[in-house]
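Before anything else, here is the set of structures, which you'll find just below.
Note that chain A is present in both complexes that follow, paired respectively with chain B and with chain C.
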Partner chain A sequence: MGAGHAHRLYRQGNSPVHTLPPHTKLAAAFAFVVVVVSTPRQAMWAFALYAVLLAAVATVARVPAGFLLKRLLIEIPFVAFAVLMPFVAQGERVDVLGMSLSVGGLWGAWNVLAKGTLGVAASVLLASTTELRELLLGLQRLKLPPLLVQIASFMIRYGDVITDEMRRMRIARESRGFEARGVRHWGVLAKSAGALFIRSYERGERVHLAMVSRGYAGSMPVIDEVSASRAQWSSALALPCAALVVCLLGWML
Partner chain B sequence: MHVPDGFIDAPTSAATGVIAAGALAVSLRGARRELDERTAPLAGLVAAFIFAVQMLNFPVAAGTSGHLLGGALAAILVGPYTGVLCVSVVLLMQGILFADGGLTALGVNITDMAIVTTVVSYAVFRGLVKVLPRRRRSVTVASFVAALLSVPAAAVAFTLIYAVGGTTDVPIGKVATAMIGVHVLIGIGEAVITALTVGAVIAVRPDLVYGARGLRQRLKLRVGGELVDAPAAAPEPAPAAARSHRKLWITGLVTSLVLAGFVSFYASASPDGLEKVAHDKGIDKKEEKHAASDSPLADYGVKDISDARLSGGLAGVIGVGVTVVVGSSVFWVVRRRRTASETAESSTPSSQAV
Partner chain C sequence: MDAVTVPTSAPVPSLEVSGLAFAYPDGHQALFGVDFAIGRGERVALLGPNGAGKTTLVLHLNGILGGGTGTVTVAGLPVGKRHMAEIRQKVGIVFQDPDDQLFMPTVREDVAFGPAAAGLKGPELERRVRTALERVGMQDFADRPPHHLSFGQRRRVAVATVLAMEPEILVLDEPSSNLDPASRRELADILRSLDVTVLMVTHDLPYALELCPRSLILSDGVIAADGPTGELLSDEALMRAHRLELPFGFDPRSVTAGAQPSR
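On to the complex of A and B.
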């Protein structure tokens, strides 16, 4: 709690990327991922160029490579799936190190690995250079329904509170000698989940009353309207535009 | 089951994105009806709860553990619209903040994990609560079955999306077998935990469980040593019609399940009359293969399940389930429209009188 109300993925900084308005960054990241996904998978060099582009953004944002690589680990479950693909896919087969692998499967695995990794890297860069509140403001600016943004902001604000409540319940269970070892202990855990739901719901009612007593009438006041100048838009969209050039080259060559 | 970028091709991702946006718009409107002006804080807190409960690990055995997906739980506890909304918001935030699930795959993820699980589980839940006796225990049982079916349903939906827009030519039967097989197991865990959690909430605050709203006990007074019904402040419209149909519902459902699931175990494996005649006369030579003959349920057997009887039975049960869901949703829509027009008719003269 002493670390301020920033999420763990955010990395404090004052780089040009950090200071860009959030909605330009959101739009840029989304456009970049769309371009990456629509690139033909045979153009291997294109994906290398995308990685170089992202590395350039990371350098400008002063996000160290180790930080970025550690965050990429979230992808591991799907890497496992991708590794399986060459074994189960159909079609022409090749022999690699004595194993019969499907050519289509190898291409598919490469496709998922390359595009997935680039997508995760783009979101990690976005999350590590943009504060939570700013992200929500950016989503609102991008015309997401205000109610949805409000729900998301409540989820973000109270996510840590609820997770902490869950942690306290776990400590209470453990200090009474409880250790969940198997299916037989599911009842206790499920009762905790039920208690957590009741606490969250009642907290929601209290939060609503507190908001009403402070004059809430269905919409949140916007204090700091974010706006972006033409220069900011163009510097944010430099990334997807460069990626688009690479993608077009990939289709033509 | 968070799908990353590049797993599903761009047109399919865009199409599922449109589906997800439409469903979100509908559920935003529906959630206002379920929670009125408290929508934002309550749905936000429930989303935070779903987010937290997904981190609660349930040990299975020998070091492995699973966690709750929460679609069925959300639908039963706070209602289907709010449920869709909460799970979608969780997925959105996971995608943007934690890079869990690709940005372009958001539509796929929301369609698959938020919409399909919630809608299927709530439809099953509603149907079962109607059929079972009106007791608290039946809510728990209904939520068990609902959660049990919701997870494989999501796997089926994923397989369908993959069949339309998958980027690798893995045979669709293999994908279906792997996905559905694994998710039936996950569904069992999900079902046990969901049922226990709903049971725990019902024991403490039954008024909070959206799915148990019809179960409120009438207030009783003890007058002179005898229990008497308290005079109702506003008599609720008795659900007479729903009750009288219950026996029919049960009989129909049980019969069709038994027929589809068990009798087809022992059904003759030889082709039925028409097929046999067609074969004998050679008129099926030119018969084109059915367009859906590649579908995972083609020829009334789940592909790649080698035991023919088991496969036929499973396909039968799935078919009955799908039919019941589709049929009851049609019925529901029709009845809603009828009641809406009736209330409109009945309200107009009274407003004229006022």
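On to the complex of A and C.
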């Protein structure tokens, strides 16, 4: 397949995790995140167990640790805020390496960091074992409003087309000696953005015309039925169920 | 070129347009009474300068535009609200930009869109998709996203998306635009191999001569001429009057391997 056939998060494979129907994986990942978020933050060992569970799934999916960890970096901008919490939070303080930190803030930071990381890790695992297209089919199967699924699927289809158009406009600008330097040139960039918007809008109209011409009457026809057997559901839900046990133990201990 | 024998004996023509006139809501009148008929199995070119109303006419054929006077009949069925779903299945329009036509994430799903919208599913749907892709030679690309195909391949897939609906008439809007000579020839071979009625809207006169035994000239919203393609293209006064120009050095009279009159 050509470059960029699959999105960058996806990792080709045919492990047991790859072959599970997409909607079971979506449901499992969502349930897992809900369970993780509802775990008390003091139960540090529980979070370690969650990480072990995810590592087990990654092993079954044959997703290498390096691949997973590199993609975890995406959460950095979000956890930057968590790092600030011990410094700005009020309340009881404790001295660490000569800095006075808030105890509540430390717990808060840990909470955000641990739960965020586990959530992102679960999502990365989902994305690396499920193609975008399949994810959409899964969402459709899980009864997400069809309009949202349609919008998402058009984004996938036309993202590249519009990026390409943007690139051509930039080349055309630069070929005529334009280079964006400073605020004075923002006007030109804004006009390009406006032109791109209008072009995309017009393309939308033409696409709609083509759809109507082929019998579109407001809802997407179902082309691929996705269905899951009981066994597939139970293997997908093994992860959130195991996590639920850990979570309950966390509350009781 | 021999005289064209229009199969008037055929019981119902694939397409019949009579007295079609249309003005856009802004008052611009695009069509002033268009009349013509296309028999089953014919390949006809619709020639005309920019702004002659070609696209407006095409959008009337499957009822996207309407509300003016005159009638359009497809295989005996009048185009109108009552039979819209059936009409859209019978009239397959291939638009000029394949990126507009191919809107699904993969080639297979795109080809399946039309038949699935008509209620087909399961193995029958798969069969339709496979046959349509085989007819344009794109069966190996079923799971590719359209954006990663070459322009010529996308145009062929666009033809397949319409063939999958098993239309009565295939309407192509500028089929040869933006194609390199090899893709042009491949598309011509495909179009020639199809056993459907074809209406081809184009300014590419040599392509019309190559593929279509009969041509219509649409100019200023009326059919200005209707006859064998070779004769029309050789009539210099007619061509000049309607802003149609042959490429430099091209003489239609010297072309012997043009499209033969229809069966």
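The criterion applied here is as follows: the second predicted complex is superposed on the first by the 239 of 253 C-alpha atoms of A that agree within 3 Å, B and C clash if a C-alpha of one lies under 4 Å from a C-alpha of the other, contacts with A are read in each partner's own complex, and residues count from 1 in each chain.
Following the convention adopted for this analysis, a residue touches a chain if its C-beta (ideal position, glycine included) is under 8 Å from a C-beta of that chain, and two chains touch if they have at least 3 such contacts.
Quick caveat: nothing in here was measured; it's all calculated off a predicted structure.
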Review point. Is A:133 contacted by the first partner chain B, the second partner chain C, both or neither?
Key: second
Exercise for review: With the two complexes superposed on chain A, say which partner A:221 touches: chain B (first), chain C (second), both, or neither.
Suggested key: second
Review point. In the superposed arrangement, which partner chain does A:203 touch: chain B (first), chain C (second), both, or neither?
Key: both
Exercise for review: Once the structures are superposed on A, label A:119 by its partner contacts, choosing first (chain B), second (chain C), both or neither.
Suggested key: first
Exercise for review: Please indicate which partner A:156 is in contact with in the superposed arrangement: first for chain B, second for chain C, both, or neither.
Suggested key: both
**Study point:** Chain touching more of chain A, residue-wise (chain B, chain C)
**Key:** B
Check your understanding: First (chain B), second (chain C), both or neither: which does A:213 touch?
Key -> second
Review point. Where does A:67 make contact in the superposed view: on chain B (first), on chain C (second), on both, or on neither?
Key: neither
Review point. Once the shared chain is lined up, is A:251 touching chain B (first), chain C (second), both, or neither of them?
Key: neither
Review point. When the two structures are overlaid on chain A, which partner does A:45 contact: first (chain B), second (chain C), both, or neither?
Key: neither
Review point. Both chain B and chain C touch chain A; at which residues?
Key: 132, 153-154, 156-158, 161, 203, 207, 211
Exercise for review: Give every residue of chain B touching chain A within the complex, in rising order.
Suggested key: 2, 4-7, 9-10, 13, 24-25, 28, 32, 37-49, 51-53, 55-56, 58-61, 68, 77-78, 85-86, 89-90, 92-93, 95-100, 102-105, 167-171, 174, 192-193, 196-201, 203-205, 208
Review point. Chain A touches which residues of chain C in the complex?
Key: 59, 62, 64, 85, 88-89, 91, 93, 95, 97, 99-106, 109, 112-114, 116-119, 121, 125, 144-148, 161-162, 165
Review point. Hey, which residues of chain A end up touching chain B in the complex?
Key: 7, 9, 26, 29-30, 33-34, 36-38, 41, 71, 74-75, 78, 85, 88-91, 104-105, 107-109, 111-112, 114-116, 118-120, 122-124, 126-127, 132, 135, 145, 147-148, 150-159, 161-163, 165-166, 180-183, 185-187, 189-198, 200-201, 203-205, 207-208, 211, 218
Check your understanding: Taking the complex as given, what residues does chain A use to touch chain C?
Key -> 1-2, 4-5, 132-133, 136, 153-154, 156-158, 160-161, 203, 206-207, 209-217, 221-225
